[in-house]
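Common to both upcoming complexes is subunit A, partnered first by subunit B, then by subunit C.
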Partner chain A sequence: MDARRPLTGMNRRRFLRTAAGTGAALASGPAALFQNLYAFQATANLSHVEARYYRKLPDREIECQLCPRKCRLGDKERGYCGVRENDGGRYYTLVYGKACTRAVDPIEKKPFFHVLPGTAALSVATAGCNVSCKFCQNWEISQSRPEQVTHVDFPPRDVAAAAEANRCPSIAFTYSEPTVFYEYMFDTAVEAGRRGVRSLVVSGGHINPEPLEALTKVVDAIKIDLKAFTPEFYKTWVKGDLAPVLEAIKLIARRKTWLEIVYLVIPTLNDDPDDVRRMVRWILKEVGPAVPLHFTRFMPMYLVKNLPPTPISTLRALRKIALEEGLAYVYTGNIPGDEGENTWCPSCKTLLIRRNGFAIEANAIKGGMCPSCRTPVPGIWA
Partner chain B sequence: MPATVVIVRGRGVRPRGGDVAAPVLGRMYERGLSLLAGQAGAAESLRTMFAPSDRIGIKINAIAGRELTTGPAVALPFARLFGRLGIADRDVVLWDRTNRELRAAGYSLNAAGSGFRVLGTDTAGLGYEDEPLAHRGIASRFSAVLTSLVTASVSFAILKDHGLAGVTAGMKNYFGAIHNPNKYHDDRCDPAVAEVFDAPPVRTRHRLTILDALVVQCHRGPSYHAAWAEPLETLVFGTDPVAVDAVGLRIVERLRKAKGLPTLEEDGRPASYIRTAEALGLGRAAEADIRVLEDDV
Partner chain C sequence: MPELSNAGSRNLGLRFAPPAFLLGALAAAMQILLLREFAAHFPASELTLGFVLAGWLFWGAIGSAAASRFRPAEAALPRLLAAVPVLAAAAFLALRGARFALGLQPGELTGAGTAALFAFGLTAAVSLPLGAAFVLAARREGSASRVYLWEAAGAAAGGIATAAALVPWMSNGRALAVAGAAAAAGLHAAFSGRRKRAAAIVVLAMLAFALVDGPSLRLYWRPFELVRTSDGLYGRISVLRTEEQINLYADGFRLYSCPDRSGAEEAVHFALLQRGGARRVLLIGGGIGGGLGEILKYPGVEVDYVELDPEVLRLSEEFLPAPERAALRDVRVRTHLGDGRAFLESSRAVYDAVLLDLPEPATAPVNRFYTVEFFRSAAAHLAEGGVLSFRVPAAENYIGPELAAFLATMRATLAAAFPETAVVPGDTAVFLASTAPLTLDPGILDGRMADIGLRVTYTQPAQIAARLHPLRREALARALASGRAEINTDFRPVSYYFQSVLWSSAFRGGAARILAALGSLPRPWLLVLPLALVVLLLAAPVLRPRAPARILSAAALMGLTTMSAELLVLIRFQTLYGVVYGRLAPLLAAFMIGLAAGAFRGERRSRRGAAALIGLQATLLGLVLVLGFTLAVRPPAAAFPSALFLLGFLGGDFFIVAAALVPAAAARPGSVYAADLAGSCVGAVALSAILLPLAGLPALFAGLSVLNAAGLLALVVGRKRL
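Now for the complex of A and B:
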């Protein structure tokens, strides 16, 4: 046989690219626990755990009810996410306990800026995603089927135990799209909760209300990537819909689950100040002024390599708009050392948290309040 | 000049639930390929499409299991024809996405031994290309079987109804050559089927389509349902990928009509990707542009 590559699969370029994209092989932090795992070798041991949100139809068909796509599938077919399969009229998740990436990350990398600053989050992902962003930072795993990435058995109990063992007060479901490994995420969050470890979700928000409502009861914080504020952008660049994402944000805001919103600013595609102003006004109306909003810097990636990195001036200008409109906590991201990384008291303007990249240089918040004027600062601080 | 599509029926080639009758199948290949290329026999006909230096990929569709897959009893006799062109058995690859599916369909895997290679893209050392190929609206990593192992491709596809696309036939078979077919079933797989076929790894290698219509799932496909699996005992041949699929579509529609089922259009799932493929210049879809030759053996 004409083997194209060594059977061990992963060349250095691919490893570095993947590791860079997923934050794996963390050089600093409590423990560089794991390397990213990615190869072209198939691993046949997919899970066969029945999915929780679907309905059975005649002739062994099913309709998935986890996300707004509502994939209708015949026997042996998979959903858009690629990680759920109809087998004989029952729907199964193929990635339960099958982590393709696991790493210890600074929580600021997620980014969560109002959750346990300066701590580490044990971060876990499986293959698959229910949208197809052309600018995806982790496309190697998110746009793959589980057979196409190497994964390890990492069941919920082991995830929670690993978080404790590595002094991580939280577990983050991240990198790809946690919605598609919902059952795994849910059970891990329950297990983590028993041990006092918090659970964080980093999601695009393409999830139906019923599973989201249930999820908010077992996780502590959710970060939603709001990718634009126009349906056209979602249709063209995400292959998804804006409306269900907005509904998800509203639902989370009604619950006690902590919410942060990230907006990746892509030059010429979603950086229109008027659109951003409309978005900020919508956030103010539907969520309130206290939700942190992060404007993060785009870097050319995946299928959008023809655009430059977001100008820093653009990020600062959009942050200024959001602050002017009345949001209290607006950040810039992916600009290490920028003033917009810091947390300021919205009342007395005291500098509360000084950040530099993912590092916390100073944290003045005491008891969840500004030390100067005692204004409460919303978030999870202890 | 119209495209030519050949329909050959082999009475008794696969009695319902029975084994394939090899002599009948052999005559079907001989007749079908001869009619298609206007040559005296199958080998002469294949010689008009393939060179002795070619490495041949025969893309099977094994997703639906043993009941609805072109099994080894059907595919291997076709593969043997290439020996008459001077192509060594090891340069003929029967393949699909996964070894698991090929095994389930009855194939004995053979990635490195003598004889025909039978392997899935997930064979260690193969896999998919590192980088996605962005082409029109798709972005996929193509199977290294297609891009590295073979120089010429045959789509040997099961003809069947498809709950989303309307029908699945020769062009859609190449969804099994990309790493992310799950991303391309929106909008009845239109234009994705045409765009995947139009992508260079497929378009530059594809030479021949054979539709396995020995048993045709005319409703509730692509999975197997005995109630709508019709023993048609037919193979369809064509070098125009669009024309073959257009004819396959008509066969499925005819079977549906005979069973009192609505047309695919009425069922809300017209196979519109076929017209899209024609619009991309990949072949002919209109009935008037296709010359259909039929014969029984």
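Now for the complex of A and C:
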């Protein structure tokens, strides 16, 4: 038998031709695969509204001025937040009016304990964030680009109307990081104000003074998540900086915009009593004793979902430290029914508001004052 | 065609080869222990376990091929064997130190890329020298076939000894130390002179490792206080104390924290409030974490509580505070140790509620509780209007496409077994199913709570009302409608593919996109593409007329087939008969014993030519066809070890015959072995994590049949060149 002509009658040329044809037919599979691989890159109904805080640089570059990162971007580049893009030397927000989450939440859930207790807040968010917390509760949207999430068109006017329709006396900009959808938040707050709807901001505080200053003129309350009081924590766990957040807190306090601070206590990472005591002393000095401070229980989430939750005794101990140091209103969070959820008069210790989770079981505050000793209780009560 | 006359070798063919036996025993022991240790540090899923297995086979093939190519001195054999347990101990320590190298907190998640890197890196340390040792042993013995036979026998013995004598009684680390010391004894007996020094070094190294085993585990969990750790039958159970709180972990996954009733309340009350209470409840998993305590709040209730891992119960009894322990000892609770699905299917009891409080379906053993077959079984054990409930991780404020697909699949699978289903939104989604209507009206649930006088913390009316707000329910409904809903079945466990995607999506890297893209492919492509590639390779005779290439291809196909079929048979067994530790080890041993027996048969053959190879290939094809066709029936449990024995038998016999047909085998004894392992690696890397959940068992057996038919055809067509 001729070794060059196997029994099948197939020769090398014919085999290669057949293989090539088969390969072409089969290639449509990989082609579909690659198409799916890069489907994330397709733009999808994004906004093209010019950003308000940036400066133009030569060669069509820009420098964002919204947050301390001050991203310097070339044409078609996006900032760290993923939702702002340089297009031909102009900077645009891609998420103006593009809400990926809309919900109605009890205001105590934000948490705001000194703002309209027992009411509901229409809560809105877009994709994006300017930090990357490993324990983020809303990482699905905060760590996503806008084309990676499904969003709806929800312009400011509609947001304000929806708040009225759902009988929500306030709108909360929350879940992800409202700083990154600043323009949307700002315009919605203005629209809401026209309708008598309050505006609340739930933020990590990673924002520059100028935009923050402007924001305080149109919103009613801001809650800052102060994630730790050490720069190391911010660097390792947040990929951000502590200093700008502290500056933001001071600015808000100076502007007299209602401020509450939340400290999410994560076991072994930021629960050191000495650090907390230093933080409380700083708050007393820079903000004053009347700012509500919440020590919230960490529930495992995202990249640290296998860490244990915060022991309740840790929260109670930190609350005790803060009260001993002189803060007037210190709360525990995520422990429904705990004594630390209640509001007490700092003067006569009368129980003013009894809470149980999101429920207000009793509210004795009248005219913004303690009914017993008439001490003013700061907040937005109506 | 070349034939080997073994008239002279028949007496030599079965001569005991101690180094080969030792090699096999070491390989089996190290593989079992390394896999268990890996699972304790990385998220347990079919994907990560596939990485380890694939890495093991890959490096074994590389080691074997490299030793064939570069021909290290035969004297290196005892040093290589001595190095294996020492390297395995180093791999253990590297695993425990991995989080420090990566800058992670204990319990912090890692992604698929990191898991793959560690899997391949660590298996290289152990499997590479083992692969090379095979070649050196073959050269020493003068016969790759004999080494293969005794290696298989050693693997069977080592596997059984590890599974039966080591794992149930000691930690992974101690088991490794004992196995290493036993290997040292084997080295001492098998080699003479200076090589005995290697044995002494191994013993010392194992002693040192045994001393650092406990401290290295405590170091892993620092800064948390590790109060106890125990390597039980089903994995590592660790107890951490954080102030007054006790936290129980299984393989790095937090099972529960106490006191913390948030998970327990939602696991119980959304279900039991549907009918205002229950008389008989079946609880699978989660009892220790507070589920029992919540159920016992309902008047007149009795509970069957099933827990798989006795170690969980034992440690919980030791560390939980008295009120939690009291629930376990309550007269209304009957605790059963064992597999929950097997318990239900063998029971005649009828329940008002069946509650699952288990991890998410990321592995084959757990996925069995989330399939339509299990749901139907549960439905058959529920009274009229009875409720089935389970929870899976979800997201409160936004449901992305990956999560939507998974949740939609869970919903569709439930709906295939129950006419009524409902889903409670939240950070965990609570699924409910029944034959009677369900309610998610907060007012109704609140009223029933008040009627019973239920005292709860996390499922109070205000919490429930917020969670079940119409906007949230609408958002969930939209997500469920938008997600690609599939049915999760025993034969097509699509859920753990979704879990792999979800896990990877947290890292936003390439792995997530690759997995998601694979899932979006039309299903036929998933099998057609790899099938076509392999068939083209088998058609290589036209391009590579030399016999060795064809035989190596056939050996690779044999490796791919036996590895794949073994995995599929094991998964099928677990699906039907449960995950009971004592049953799995004999199954794995059956395969290895079959391998050894088949190699024995191959050695004893009078003719080892092309006809024998073709006959074996045809028999393998026949076996695969039988396995595929019998999927529709439920074979007795004894059929599984028999099937695995046959698979191993054919593989062993095939190897011996193939090795005899490769003229270069004598010069490069590792080439056929490397081809075998390479084929097995291909089977391991993609099969259980991607192909099985997406294509399903029947399609995979069909694909294997097509491959083996093509392989048979290639052998028949090219037989004159063999």
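By our rule, the second predicted complex is superposed on the first by the 338 of 382 C-alpha atoms of A that agree within 3 Å, B and C clash if a C-alpha of one lies under 4 Å from a C-alpha of the other, contacts with A are read in each partner's own complex, and residues count from 1 in each chain.
In this text, a residue touches a chain if its C-beta (ideal position, glycine included) is under 8 Å from a C-beta of that chain, and two chains touch if they have at least 3 such contacts.
All values derive from a computational prediction rather than experimental measurement.
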Discussion item. On the A-aligned overlay, A:Asp59 touches which partner chain: subunit B = first, subunit C = second, or both, or neither?
Written reply: first
Worksheet item: Regarding the shared-chain residue A:Gln143, is it in contact with subunit B (first), subunit C (second), both, or neither?
Response: both
Fill in: When both partners are placed on the shared chain, which of subunit B and subunit C touches more of subunit A
C
Worksheet item: Is A:Leu303 contacted by the first partner subunit B, the second partner subunit C, both or neither?
Response: both
Practice prompt. Examine A:Glu77 and indicate which partner it touches, taking first as subunit B and second as subunit C; both and neither are also allowed.
Written response: first
Practice prompt. Please work out whether A:Ala382 is in contact with subunit B alone, subunit C alone, both, or neither, and reply first, second, both or neither.
Written response: neither
Worksheet entry | Which superposed partner A:Pro311 touches (first subunit B, second subunit C, both, neither) | second
Practice prompt. Using the superposition described at the top, list the residues of subunit A that contact subunit B and also contact subunit C.
Written response: 1, 3, 6-7, 39-40, 134, 139, 143-144, 148, 302-303
Item to complete: Would you mind writing out the residues of subunit B in touch with subunit A in their complex?
Response: 63-65, 98-100, 111-112, 117, 120, 122, 124-128, 130, 132, 134, 139, 144, 148-149, 163-164, 179-180, 182-183, 185-186, 220-225
Worksheet, complete the sentence: So, in the complex, the side of subunit C touching subunit A is made of residues 103, 105-109, 223-224, 240, 242-245, 247, 249, 252-254, 257, 259-260, 262, 393, 395-401, 403, 427, 457-458, 460-463, 465-466, 469, 471-472, 475, 482, 506, 508, 513-514, 516-518, 520-522, 525, 528-529, 532, 536, 539, 541-543, 545, 717-718, 720
Worksheet item: For subunit A, which residues are in contact with subunit B within the complex?
Response: 1-7, 9, 14, 39-42, 44, 59-61, 72-82, 132, 134, 139, 143-145, 147-148, 239, 302-303
Worksheet entry | Residues of subunit A that touch subunit C when the two form their complex | 1, 3, 6-8, 10-12, 15, 19, 22, 26, 29-30, 32-34, 36-40, 100-106, 109, 125, 134, 137-141, 143-144, 148-150, 166, 175, 236, 267-269, 299-314, 336-337, 356-359
